[in-house]
Every structure is written in structure tokens, then in C-alpha cells.
Amino acid sequence: MINAGVLGATGYAGTELVRLLSGHPEVNIKLLVSHSYNGESYADIYKNYKQILNMECEELDVDKVAKACDVVFTALPHGASKSVIPELYAKGLKIIDLSGDFRYNDAGVYAEWYGEEHSAPELLDKSVYGLCELHREEIKNTSLVGNPGCYTTCSILGLAPLLKYGLVETKNIIIDAKSGVTGAGRSLKLQNHFCECNETMKAYGVATHRHTSEIEQELSLLAGEDIVLSFTPHLVPFNRGILATMYANLKKDTSLDELLEVFRKFYKDEYFVRVCEKGELPEIKNVAGSNFVDIGLAVDKRLGRVIVVSCIDNLVKGAAGQAVQNMNILFSLDEKTGLNMPGYYI
Amino acid sequence: MINAGVLGATGYAGTELVRLLSGHPEVNIKLLVSHSYNGESYADIYKNYKQILNMECEELDVDKVAKACDVVFTALPHGASKSVIPELYAKGLKIIDLSGDFRYNDAGVYAEWYGEEHSAPELLDKSVYGLCELHREEIKNTSLVGNPGCYTTCSILGLAPLLKYGLVETKNIIIDAKSGVTGAGRSLKLQNHFCECNETMKAYGVATHRHTSEIEQELSLLAGEDIVLSFTPHLVPFNRGILATMYANLKKDTSLDELLEVFRKFYKDEYFVRVCEKGELPEIKNVAGSNFVDIGLAVDKRLGRVIVVSCIDNLVKGAAGQAVQNMNILFSLDEKTGLNMPGYYI
Amino acid sequence: MINAGVLGATGYAGTELVRLLSGHPEVNIKLLVSHSYNGESYADIYKNYKQILNMECEELDVDKVAKACDVVFTALPHGASKSVIPELYAKGLKIIDLSGDFRYNDAGVYAEWYGEEHSAPELLDKSVYGLCELHREEIKNTSLVGNPGCYTTCSILGLAPLLKYGLVETKNIIIDAKSGVTGAGRSLKLQNHFCECNETMKAYGVATHRHTSEIEQELSLLAGEDIVLSFTPHLVPFNRGILATMYANLKKDTSLDELLEVFRKFYKDEYFVRVCEKGELPEIKNVAGSNFVDIGLAVDKRLGRVIVVSCIDNLVKGAAGQAVQNMNILFSLDEKTGLNMPGYYI
Amino acid sequence: MINAGVLGATGYAGTELVRLLSGHPEVNIKLLVSHSYNGESYADIYKNYKQILNMECEELDVDKVAKACDVVFTALPHGASKSVIPELYAKGLKIIDLSGDFRYNDAGVYAEWYGEEHSAPELLDKSVYGLCELHREEIKNTSLVGNPGCYTTCSILGLAPLLKYGLVETKNIIIDAKSGVTGAGRSLKLQNHFCECNETMKAYGVATHRHTSEIEQELSLLAGEDIVLSFTPHLVPFNRGILATMYANLKKDTSLDELLEVFRKFYKDEYFVRVCEKGELPEIKNVAGSNFVDIGLAVDKRLGRVIVVSCIDNLVKGAAGQAVQNMNILFSLDEKTGLNMPGYYI
């Protein structure tokens, strides 16, 4: 059994980790750390856990974590992660960090998009970008995983085969992404008030959202050249899920059948990636609550353009689920372990 | 392993059965019967099952069912159930029927509330009302379970201790219940159109809803006298869940602490019933997706009245989850098997 | 033209007042007072007003209000209202207060339910309870209206004819009410976060909600005897609207036709009260955005009980709309003026 | 007063016409035509109209329409419109058609995108595309208006200034649009069932949606060259509203300030177009229920790309509101008449 701790256990990503870890057959949750809820029973904060989980939240004590745990998940705001992780790392723990702090190869890119210097740049060489489908081998050999962002997971996996095989132009790539409100976190802001985000939607962070840099880093690696692209997130009135609609110009006339074949081949060993049948496109309800990524394609022959639609649950494949998938890789378990549930649909 | 078949696998109760059975460690799903989707892949109808379940829907063939299955779940409209079940019963199958057809002790009550004669009244003597917490011992000894209605499960469990111990008057019991839209089923009706039931709510079936008779049957048994009561269902804009607010006059001055003690004692061995702490009341999000029943109490001293609030997921404890719990009882498994997940919360 | 000011213009009741007053053909809005948004353009706070309303929020200046306005609407939290209103009243302004501070005939009842002494009890003799349909003549002769609560308007109008004509027992009256989230106001609380109140519902304030006392005051007046009753509010995931389901025992056998006749007669001159046809019950969508109260009845013959279902928009007939209706009465306008719009439906 | 008739009065566009026309100070509604609800009271179908509108639906009788009405709105499915309009036109009526049948200059384009020959191509020369802000002068001189589609209104107005002034490349224009469920109409389809479209979203009609051709027609006219572009609609779980996020490459380095200036100038006399302040982007709640179009801009300097976000209410500016605006133009009224309400916001 793997002994696991969760730092930041009471945010939405944190509670999703608790959901997945408490149902994982190879995991014992040893520690739930929460500064704001220190000393409170987890089942009092999230009453859905009554009868299921009988643990108290506690303050962070690095020595205690190191003694009790084999792996620690840090579901903290960026900045918070990078200040605590060096200590945890020094203790020899395996760490899966859900913030943006350890997703970058280049501290300069981090500084540019996060507006502050990285305080532990030396660890960026040790950390691995935890997009399992693309970096599995490196993940196996690290003890610090920078778990990818939600929008980025959805976007990168939808575009990866096209860029890997050079099928599309690297200019004029557009990612138009839509997220449910859990993506905005549990903190109290006017824009997250029910009446302010119900029956409406909006774009935000246009041309400035940090996930842009993460997507560009990974797609550039795949393409072997520097890619810059448009990424536009939107806030939509449902709890869970991201849908990304992506546009790219085909280098040459390529049929939908050919493209689907490329995607199926690229993902043929990837359990969590489901390529839709010809003529079908994904919907969030099919992936909500699950670790699946559903990807569908359309070709606009008039324009020589491929449109990719990709869906995930932002809290699962976009956060806690991928983190558990990373843990499964780190501990040489079957990647599906504890993650093999269907989407909610209803 | 238990070999199971689902009749009516493509309605909402049916697909919830598929969700629970496909995740149940002791079950093999052998057959999915659907007249409307005969020949179609289940994962084409409910695309959340892609990669998870690879089965085709088929027409009902009683011999085939009898040969392949140990237990069959009938998630059919009432009437449809009672015409097919005698044949299945004759084959010696264990049957868990989710319709209203086998919930009654008295064919006359059925005829009165369903507006038609019962076509298999002889089986009513064999069938057991499958409210697990109240009829566990009888369930163990039957092979035909009439799985309770959603509103009824929520209501009966919320009131049972009060009537069992004679704490409240049997006159003036009021049940005001609210259900999500999955309770209305998957069929196309104007009232289920998104724009017709979003941002609104309504009462329906006032003083005439069939579940009234089921609640009265069970509460009368508990009280040892005939009970008639008000039951009012409402349609509310969310997918899953029922919340019942119930009112009863206390026979004598009884404190909230005393009542809570009675409830805790009554349900002390019942894993799926969670009695809320003093001062707390249940919310649907804590039970949605789970088999739990959350029950909270308040006492209005001015009025000598107890108010009970009870919550379930209408598709789980109110249908498919309780059906699986019944199966666990029928096959002498731990009742929690395959049912031990927390509510969704988000 | 009537010169009007709104104190507390940026809360949800305040902005609904702005909506109704800005479309009212006999009103000039002269002042929008908001402490938190002092100096900001109203159309920057509520961007739906761009091009429609070009005004800045300002701090309260009683002299300025008195000089500029004929009538002032106070949409402030209770407590805040009672500290500012004596000054405004002394200036000879007509005042319509949307808080609970001037709804009571008896300062003792206020103290009991609000947990503090009333600081201006002398004004309670001057103030009139502004439920237009019941107190129209008194309203004409006051200059201080205590505008009723949302739940109370919905509940009282649904029960008034029954109590006025002594058709029901005064014991065992139950009001089970459901409100949209605008009823919880615009302030930031975890329970109003989209993800916390979406896809769920709950009861709150059971046996303790302040509106109970307001309902009891008015129904006691109608019945000519002291009435105490159960009132249970619930929070439901839509923006606007209240639906109250109410139960009362008939004193003698009375048919639905007879009861409908009583209601139609009682409300025959009341434009804003719509009694549903026999067999029909109201839905929130028909009143949302409008000043209508829709009331439907059912009789449970088995139990000798009448069930009344009543719907309003909590922000309109439950707050700002009724306030404007009160203003129309105070200024001898046709009561429908500025209020004659249909419900939103979609 | 203008005597108006509505054909197809019971669909969502039809009932929105009824809402706007019944509140319009210069209009008498003379006729409501509905085949499916022939003989029924309108207030029985849409109960929000009780006390507001006392009319019965009737079958179409062209002579009766011609005698009673000055203007007729046809809110019928495409195809239905083009078979009835020639007769109405021959009677000398002014006609505002909300279907796609009279939006095209070229019957060939219609045939290509609608998959059938146009049965009244001779009327295409008479009809005017009713996008008021762009075709006002022509509208004044026609008696047959092809009222624009919802997506198209939102998209064209958001891009018009850029193409009119040649600021962007005509290649690589992407329109990613999101619509509420009223856009799918009132007909019963599984995808419109509450539980099927709640808590999810999806793209549909990718690369094939008919509105593409309408957008291309108008943008080509503005640009003076043939434009083909990507248009992707999505279905989102709210009732009303469209948000379009649009991407175009700037021909040369242009600042956000310069672009905003161009938009403000282009729309300076257009009451219903609101250009957002620098740094602000529109949200659906600000336009829902109103005839406004809110447009916001962002520039991605890294990419030399402008992102335009445009919002309307699909039923108002996207259908019934624009139809009334067209009527106001046809009858030389102030365009705002009957249309000057703020967005709902809540």
C-alpha cells in the first residue's frame, strides 16, 4: 500500500484528490493538511464523506509528512507550492504538485507569465511535466511531478498528433476553451456567486492566461519548433468540465479519415484517450467525473482546416485524476488503478 | 461472481444500474435488454461507457435470460414489469423489479392508485417490499423484490423511527418532497425540455401521486395503525436528488436531543443512513451519486412539532443503488459491496 | 413626475428597484445611494444599464435626499434601515422600507425574532405594513411603508382568503417555501458560491426564520385570533422566484370549486393576483420578472385538507415590485403603472 | 397604431415577439397564428400572459391576415416561410420573416446550404437582409425583410468594422460561438431534455452550420471580396444568449486603442451596439432580455491578432427584437420604441 498525504485538501482539487485516493485500492491516506481548517474533521467540511472518511485536517509539519508518507500531493496555490516543495523534496518524498510551479523547463518562461521570479529554479531540472501520455518514461524516473493545468491537458492532447506529425501549420493555431466553475476554485469572489455566473457566460484572461505558456512549451517540443498560439478561456455555468475547440490549418489536403487514423494510432495504447468515431464530437457529460479525454475531429474542406474538439473533467484528468495517474506511474501500478470509472453523463 | 441482466437498460434508472453493476466487484453483467435500442452498442447510446463496457442491447428472450443470469433487474415502466415478471419468476430467477408493480401487499391498493387491476396478484404474496433497512430479513428469503420508489424511500426512512416508537400523532403528517429532473425519466415531454424546467419549479400530482400509497402502506405497518397523509412532489432544476421536508406533531414534549438519540439508535447498524448532528440539516449534494440517506431533525417547540429533512439520490438509494443493495442481501454479500462511494458534492 | 431616490441601490433588491423605476413612466430617479460603490457609475457596476442609465452612486446625505426626492426606497439590511429612517421621516419624505424594520405592529415581536430592541419604536405606530392587497387604504394615508418580506408576501396572499372566511383550522398550518438564490442577497458566502448551491438544495432556518413572525402577524389579523404555524424556507438553484406549498385542514367538507370561488371573489379586484384554473397549479417561470402572484389550489378529500401553491418573483412582488406598487398607491397612480409586464417564462 | 400579426406565435421566437409587441406602445396585436394550438387561448399555452393578453390562436387565413394587419411576422421553420410568404406579399403586406428563407441575395447559396431549391427566388430580389445597423436604408424601402439569424447578427456586428476598414486579413477568420438552449427551439428532442443538456456542453454543426453562409455573405459585402471562414456553434446550459469569440489577424500592427476607436466611430449612431471599455469584455447577462449587442476587444500583440467577443440575446437582437427594430424602421418610428429595456443581469 502507498501512504499518501494531501496538502491543500479542502479546495476543489484537494477534495477531488480525496475522492480518488479514498477509493484507490492501493492507497492509504495518511494526512490531510489544511491551514484554514486545521483541527476540523474532514467529514464536517465535506459532509459527503461522513461514514466514508474519518480524518482530521492538520497543519503542515514537514517531518511528520516525511515520516508518514511515500507520496505527497500539493494542491496549493502557485507560490505556496514552490516555497514548501524544496523541503519536502529534500526529505526524499515523491511529490506531485498541482500548481503551476513545476511545470516549466525554463524559469524565464515562468517569470514572464507568473510575474515573479521562481524561488526554486534548481528544482525545475529535476521536475517532470506530468502529462502522462506524453512524458511517461520521464515520470517513471523523477520524484517531482509538475502536474499539468486543466486547460493545458485538454488542449495539448487534442493537438499533439497534428503537431507531432507535422500535419498542420504552426501559425494560426487557435484554442477556444470553456470551463465549468469549479475551475475558478472555492474562494469567494463576486464572479463565482451563483446569481452572477448562472444563466450567463464570459471570456476572461484573453491573450494573457498563464496556461498559454504551458501549452506552447509542450506543443513546441512536439513540433520541434517554437509555437505561439491564441488561447481563450471562458467561464460557463456548470460545475465540472472543459471543452476546447481548436483550429489549425492543414499543410496539405488531408481527409477526416486520414486524420482520425493518425489520432487512433497516436493514442492506441492510451486507455484514457478516446478518439470519437467519424461524425461524432465529444460532450462534457461523457467525461465528467472520469479521467477520460474525449477527442473528436472535423475537417472543413473549403478552408483546408481541421477543427479538434477535446473534453475533460477539469478536476479529474485536469487535476486530481491525472495526479493519481502520475502516482500510479511513479509506483509502477497499472495506470487505470483507482481511475476506471465512467463519466457521470447524468 | 453473480451473473446479472438488466431489462430496460437505457432509461435513467437502467443506466444507473449499469454504472453500479459495472463497478461491482462480484457482478458480471451478462445481458442488457432494450427494445428501443435493440442491436445497438451500449457505449453508442451512453458514450460515457466507451472503453468501459463493450456490450450490445438486445431484445428480451426469457429463455436466454434464464440461462445466462442469476439475477435480473427490471427497470421497466409499471405494467410492463408485471407482464414479463411472472415468466421470469417461473424460471427460478431472482428478480429485483424497479417499477411499482410488486411493492404492494394488497392488490386492491394497487388497483386504486394505478387505475388498473393487477395482472399477477398471486405474486404479490411472494414479493417483498425491498426497503432494505426495514425488510432485510424478508428480503433474504424471497426471490422477487419490489424495489421501492424514490420519494417513498426518502420519506419512509425519515419518518420510520417516529412512527415505530409512537412519538408523533398519526394525523397531520405532511411530506413535502422535491425531486431533480432525472426523476421524470428520459422520455420526451415538454415539461422536461431544458428551457421549460430550467430556472423554475412546480408542484405536481398533488394529493394524487402514487407514491403516497406506498408510503402509507409502510408507515402504517410501522405504526400498527392505518395512516393517511399528505404527500406533495415538486420538480426542481437539477439532475439528481430528492429532498423531503416532513412535518409531524409530537405526542408529548420531546427534545431534539431525545429525538436524535432515537434516530441514532434506530439506525445504529445501518451504514447507508446518516443522521445529521444537532443543528445540521442534510443537503442533496452530500448524497448525490451515493447510496446514502441523510436525515436531519429540528423541533419547533412553539408548535410541539418535529420537522424531518431527508435526502437521497433518486437514482441510487431511490432506485438502482437500493436495487444493488437488495441484490447484495439476496446473495449474502456485505451490503456495502459496490456501493461505498461518497456523494458527489460537486 | 415623482422624484425618487434609492438607498442601497447596488444589492439585488436595489438593482431591481432601479430596473422598475427606470422603466416607470411617472418616475425620475434622482439619487442612487451606495456606501460601497460611492462615486462609481451605476452602469459600471451593473453593465446591463450602459446606455440606459447614466448616474453615479453617492454617499447618503439626508438633506440632499430630502431636497431632491418625493419618495425614497430604503433597500438596506435591517438595522441599517431603522437607524436612517427616523431622519428621513422627519424631513417629511415618503419612505418605502424594504427591510424588516417597519413591518411590525409590536416592537416586542420585532425584538423577539430579530434579537435586538427596536431603536425607533415610536415609528411603528406611523408605519403601515405594505402588503398592498390587504392594507391598501392604510397605505394611502401613511408616509412610511414597511414593505413586506418575499416569503411572507407569497405565503400570506396564498392563505388569506382561507383565514379571512374561517374555512380552515388555525392549528396545523404548514408553509413549505422554496426560494431562488437572489433571495440570499449579493454578499459573498460559501453557500452562495455557484458550485456550492448548483445541483443541490437544502432547507434552512427551520422553525426560526424571521418571516414566520410576519406571516403570523398578518394571518392572525385576518383570522381574528392568534395563529402560530410552521414555516420552512429552502434554497433552490435558480435565480428568481419563490414557490410556497401550504397545507391547512378544512373545518368542514368544502369542494375545490367552492374554494376556488372564494379565492376568485376575494381577489376579484386585484390585478396582480391570478387564481389558477381548476386542475392547474402555478410555476415560477410564469411570474419571474413580473409583479404577479399566481395561486393554485388542490383539495385532498381523503384528509379534509386544502393545499395551496403560491408563486411570486422574490425580487418583484417580493421586494421591488411591491415597493413600486406601494409608491403607486401613495401617489394615487394606477397600481399597474410601470408594473404591467408578463413573467419571463424563458 | 400598427396592426400586427404573428405567424408561428407559440415557438420561442414567436412568444418573444408576443412579449415585445404586447409591450410596444405603437402596436396592436391582431392575430396570433398557430397550427398546433389552433383555437387555444394564448394565456393557456404561455400562462405568463394571463391577465396580460387575451387572445386565441388561429389557423392561417391569408385573406384575414391581409385585412387585419399592416405587418406580419413569420416565425416559422424555413421552408414553411417561403411557401406562405408569396401569398402574403401579393396582398401588399409588410412582412418580416424570421426564417432563413429571405436572407440571401443568391438563390444558389440558399440551395447549397439548405439542401433544396428556393421556391420563390423572384422574391429574393425584393427582400432585404434585415440587419438594421448595416442595411437601414434598404430596409426603409422594402416590404419584405429577411430577419437575420441569431449567430449571424452576433458575429457580423462583431467583425463588421474590421472588414469594412480593411484592418484584418480575410483569411483565417475564426468564429467560435456559444448559444443557450432556446436557440434549439421548443421542439422535443433528446438533446434538449433537461438532463441531457444540463451540466454539459458540446459543439455541433461544425463546418456545416447554415449561418456560416449568411455571415460570409455579409462580411464579403463589407470587405468587398469573397470571404470564407470557420464558424463553430456550441450548445450551452442556459436559456438565453449567444457569445461569439472571434479571431482575425491584423494586417499591420494596430493598438487596442486604435481598434476601439474604429469600433466606437463605426457604431457611434447605433443605440443598440455598446462597445465595451478598454480592458472589459461582454457577458451574456448584460444583454439577456434586451436588444443590445455588447462588443469587447482584445489584442494579442505576440500574434498580431485581434480577438473580438460579442454578445446578444438570441431571442431578442437575434430574432424577435431585431424584427421589431425592423418594424420600427419600416414604419418610421424611433428604432428604440418598445425595445429600450436593460438586460436582465439576474
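By letter and in written order, the chains are A, B, C and D; residue numbering begins at 1 in each of them.
FYI, a residue touches a chain if its C-beta (ideal position, glycine included) is under 8 Å from a C-beta of that chain, and two chains touch if they have at least 3 such contacts.
All figures in this text were calculated on a predicted structure; none of them were measured in a lab.
Chains touching both subunit A and subunit B: C, D. Farthest from subunit C, judged by the mean position of CA atoms in each chain, is A. For this pair, subunit B with subunit C, the centres built from the Cα atoms lie 38 Å apart.
Between subunit B and subunit D the centroid-to-centroid distance comes to 46 Å (mean Cα coordinates, whole Å). Taking the mean of the C-alpha atoms as each chain's centre, subunit C and subunit D sit 37 Å apart.
For subunit A, residues touching at least two other chains, in rising order: 12, 182, 195-196, 198-199, 237-240, 282-283, 285, 344, 346. Only residues 12, 15, 19, 22-23, 46-53, 182, 199, 239-240, 271, 274, 280, 282-283, 285-287, 289-290, 292, 294, 315, 340-346 of subunit D touch subunit C when the two sit together in their complex. Chain contact summary for the complex, subunit C toward subunit A: residues 12, 181-182, 186, 188-190, 192-199, 237-239. Contact residues of subunit A toward subunit D in the complex are 172, 174, 176, 178, 195-196, 198-204, 206-207, 228-230, 232, 234, 236-241, 243, 245, 247, 249, 281-285, 288, 298-303, 305, 307, 309, 344, 346.
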